[in-house]
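First chain written, first letter: the chains are A, B and C, and each begins at residue 1.
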Amino acid sequence: MSATNSITSTPPVPGRWPEWFQHDQQRAWDLFQSLPLPSRRDEPWRFANIKATDLSGFSAAAPVRDAADLVSRSSGLTGLSAKLVFGNDALLHSETADLPSGVLVMPLEKAAKEHGDLVRKSFMTSEVRLGSKKFAALHKARLRAGTFVHVPKGVAVHKPIEIWHWVEGESAAVFPHTLIVLEEGASATVIDRFVSAGNDASLAVAVNDLSLGAGSRLSYVGVQDWSGRTTAFHLNTTEVEKDGTSIALQMNLGGAYIRGESDSHLLGEGSRSVMLSVNPASGEREIDQRTFQDHFAPRATSDLLYHNALADSSKTIFAGLIKVEDAAHETDAYQKVRNLMLSDEAEANSMPGLEILADNVRCTHGATSGELNQDELFYMMARGISPKQAAQLIVRGFLGTVLERLENEELQSHLGAILDRKLEI
Amino acid sequence: MSASSLSICDLHASIGDKPILRGLTLDIPKGEIHAIMGKNGAGKSTLAKIIAGHPDYTVTSGDVLLDGESILGLEPDVRARLGLFLAFQYPMEIPGVTIANFIRAALQARLPQGEELEATEYYAKLYAKMDALSVPRNFTSRSVNEGFSGGEKKRCEILQMAMLEPSYAVLDETDSGLDIDALKIVSAGVNALRGPNIGMLVITHYQRLLDYIVPDKVHVMSEGRIIHSGDKDLALKLEADGYDWVEKQFGESGSKAA
Amino acid sequence: MSTETKPEIDIDRSVGDFRYEMDYAYDAGVGLTEATIDYISDVKGDPDWVRTFRKEGYRKFLEKPMPTNWATKDLENIVFENIRYYLAQGQQPKRSWDEVPDDIKKTFERLGIPEQERKFLAGVEAQFDSEAAYSNIKAAVGEQGVIFVGSTEGLKEYPEIFKKWFGKVIPSGDNKFSALNSAVFSGGSFIYVPPGVKVKHPLQAYFRINAQNFGQFERTLIIADEGAEVMYMEGCTAPKFETSTLHSAVVELVAMKGAKIQYITVQNWSSNVFNLVTKRGLAHEDAEIKWIDCNIGSRLTMKYPGVVMKGKGARGEVVSIALAGDGQHQDTGAKMIHAADNTTSNIVSKSISLGSGRATYRGMVHVPKHLKGCKNNTECDALLINTHSRTDTYPAISVRGQGNAVQHEASVSQISAEQIFYMQQRGLSEGAAMSLAVNGFVNDLVQQFPMEYSVELKRLIDLEMEGSVG
């Protein structure tokens, strides 16, 4: 059932973007219209709930009712170098504290005007390969606001940058965008927070693109806590040049239907991409994650660790491909997915894949699905802990091991606290 | 040069376009142990690999003779069966192939067609050599070098040498990564093999190894050639005074063969 | 996720320069129409229910598309119109021994294949006279009440048992190629083992070559009644000369309560063959079905032996070795469907990619809701030998509910030039070094084959390694 002003049929209202950008948006709209919806026979949508990809019931989000309220609720890390708050695709608040000179942390619209060349170079330049090409086109066409982070050569941004994205309104759709470009030798930490203001059924089609120059270092975290009635797409492409390191974590705490796509391109020799995800799934949530560790250059490393704790009648899908191209000798690639099944109705689907065309590679992948360890439970109960609490502790520990891979203690404890609150520990 | 020696004659060799050996001459008769020392980058490991026939390197001129016959152009395994052994600086891991089977296959390869290695004799000898090198007997079922510490890998190299009984052995930085105890065991293993029927070339960066494996001659290598030779005292002098004085005195301007 | 089209292989006609015997009295011709089906049923004297079954299969074959949405696009090179779907015994193409290529003759020698078998395998003789050895086995097992006949005889002489299970484990419509097989099947075995009977000798052990089992569209049905045990072997390590380009077999196994069936295959078809096989077993309570599969030949093999664990405590196992040499694609794997509590499945797959070969593993493990105590373990290891070879792994694991444990591990390793140099320095030739490494890699799986096969397999691997060097 289509909404009036459905985002899938009503053409987007052009924003205040520069002409080249508007031109791109028009082309994207045409592409969105021409591409078919996914079908059950498409490999990238195997096991998925195809019905959830019918987005005709959503319309563009109206301005939020109480901007100040949302801004005051946007309280995360302390000691930031910059913070932006968006509500329904409008910038509600921005501040910078300790940002080294030359670093750009600004709304995408402003960056497109003032630093058009820089933006053009990296804005959605990669092919969307993991199945959501149609939805990435929709995102591009309907994009109204986003963030551009650009760190020049050799500059280290020590304090984290935090960006909040709020959605409010029944059937409202938002299109968050975070573009991060680190030049040679630069470093930064960025955290994206996605939240529903209330309990509405909304839609988010979010894109984050990470571009790492030679020797640069990025820690990126995306925490999603959408309402239990929200549909969200989180699409990522990460490109890493020679000796660059990207550590990215996606934490999925909410949503009814979540489709995540993470595509890492190991382009330069010695580059490294660590891909992490923490997913406590409950209710009837479906978390569908597709990943790609694509090794183009020799001696690069990729390491994926995804942990899913499935309660109630939740469902997860993981499809991850490690591809080692012809020239990518001496690749080190790892992939591990673990599913902890907490109820009789939970369902976990894992499709870890490998395509190896090069020589001298070290590649392992593994997927396990199991239940709570009875011995561990018994041990805790023997110490007087209730079974429910014991289970909670085990689940928290299970998810926590992924956080430990972040190499940043402050982030680890911050995310740990968010997780604790969610799990009510 | 003699009929019972490993002779390297004015050897020039490169890797790709890059020349590494620039006219190296050396003669190692059976019954003697020669040591080569030199700074990193002098080309010592390259020399070892070239003698063994590593495919990455090209000999542009000169020759390598084993008992008077040229071995250049021969496949690495043919050279090995002629009696050459290389103890690798970084021994390879071979998953799935046990030490017992590996050494057995190597010994079997040296027997004439149709002749089978006798199992009980083989194992008796293998265990005796393992005991002498303090390699635990259960290592026979472990895959070659897989998960081995540096010291274990080096001992495994010497074990192979003891079992294969070569005529000429090149030991490429056999002491690297070893603590003093491991060094003693490995050296004792090498010394146990010394004799009139084997010539050895010990390549090392540090003099310390040569306290245990005492050489008959010491050569200094620099920029792809031997620039100076002496006896074991030369090693002590290098340890005390470094390489600079040798370079100044003998380097570049020509080489003095032993 | 990624497939590529390979140009149609230019079949080396010098290899297949044979002459047809000029007797066309019974010739279904090329191409497949309903008339072809009628012809086959006529020649074989099929009962009506079989003719109907064939036609049903033919309809389904026409309906189903090629599975190129997930499988290799090379399938598009199969030209159905050019294939002969039925060839009577006397019409098999023959060639003279002189025309057999030297390297094939050498392989026979190295593998120690007996003289008479060589002629059959090389396409010099259309039939292998195995009556003597065959009748000994038939007599021996006949005493125990075991039925061991060809599929044609089976459906005619034992319709009640046959019909009960035929087409039930693998329905015609399962996939395009099982449908094709249902339409034109000929040859294959029908085996029934009565309750409690444990067949001592592996069936086929005394004559590894059975002309019927080298048919294009063989159909095998093995039923082990309660508590029975049987081991069946098909195939042979020696290369089999084949002019037809499409082989599409169907094998159905049924293990009743407490029964055990082991099915061992060694496939070494010539390099022009598309080998597309559907194999599945149905294991009832406490029964065990084990597939041991070795794929060495063919241009393209697609085979995913499966077990449906229908009864409590049932067990399914697949042990698979695949060797993909130059220009070959081994696309193999396993399917484990858990349909009862406390069922266990185990998959071990080892593949070797040589030269420009490509080895693909596809697995499916399915544990539905409300089952408890199910376990699966999958280990999938790939070995790459040269820079241009390729390996892919595409498992799909679906687990519902708690109380089950599923584990999948895969790894890729290679034999590097450095490792070969190391082994050569110890005196092993390049070929011997590769054999040692490859045999080490597959050793524990090869041990699971019956003795004669494991010895031959080792020799065959040695040969393949030597052949890939230089």
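Everything that follows uses one rule, which is that a residue touches a chain if its C-beta (ideal position, glycine included) is under 8 Å from a C-beta of that chain, and two chains touch if they have at least 3 such contacts.
This structure is a prediction, so every number in the text was calculated from the model and none was measured.
Common neighbours of subunit B and subunit C (chains touching each): not present.
Here the chain at the heart of the structure, going by C-alpha means, is C. Subunit B and subunit C have Cα centroids separated by 49 Å. One inter-chain figure worth recording: subunit A and subunit B are separated by 54 Å, centre to centre, where each centre is the mean of the chain's CA atoms. For this pair, subunit A with subunit C, the centres built from the Cα atoms lie 44 Å apart.
Residue positions of subunit C touching 2 or more other chains, listed in rising order: 413, 416. Those residues of subunit A whose C-beta lies close enough to touch subunit C in the complex are 41-44, 46-47, 321, 323, 326, 339, 341-372. Residue ranges of subunit B in contact with subunit C, taken from their complex: 52-55, 75-77, 79-81, 84-86, 88, 91-98, 101-103, 105-107, 109-110, 143, 160, 164. On the subunit C side of its complex with subunit A, the touching residues are 1-2, 69-70, 369-370, 382, 384, 386-387, 390-414, 416. Listing the residues of subunit C that touch subunit B in their complex gives 413, 416-419, 421-430, 432-433, 436-437, 440-441, 443.
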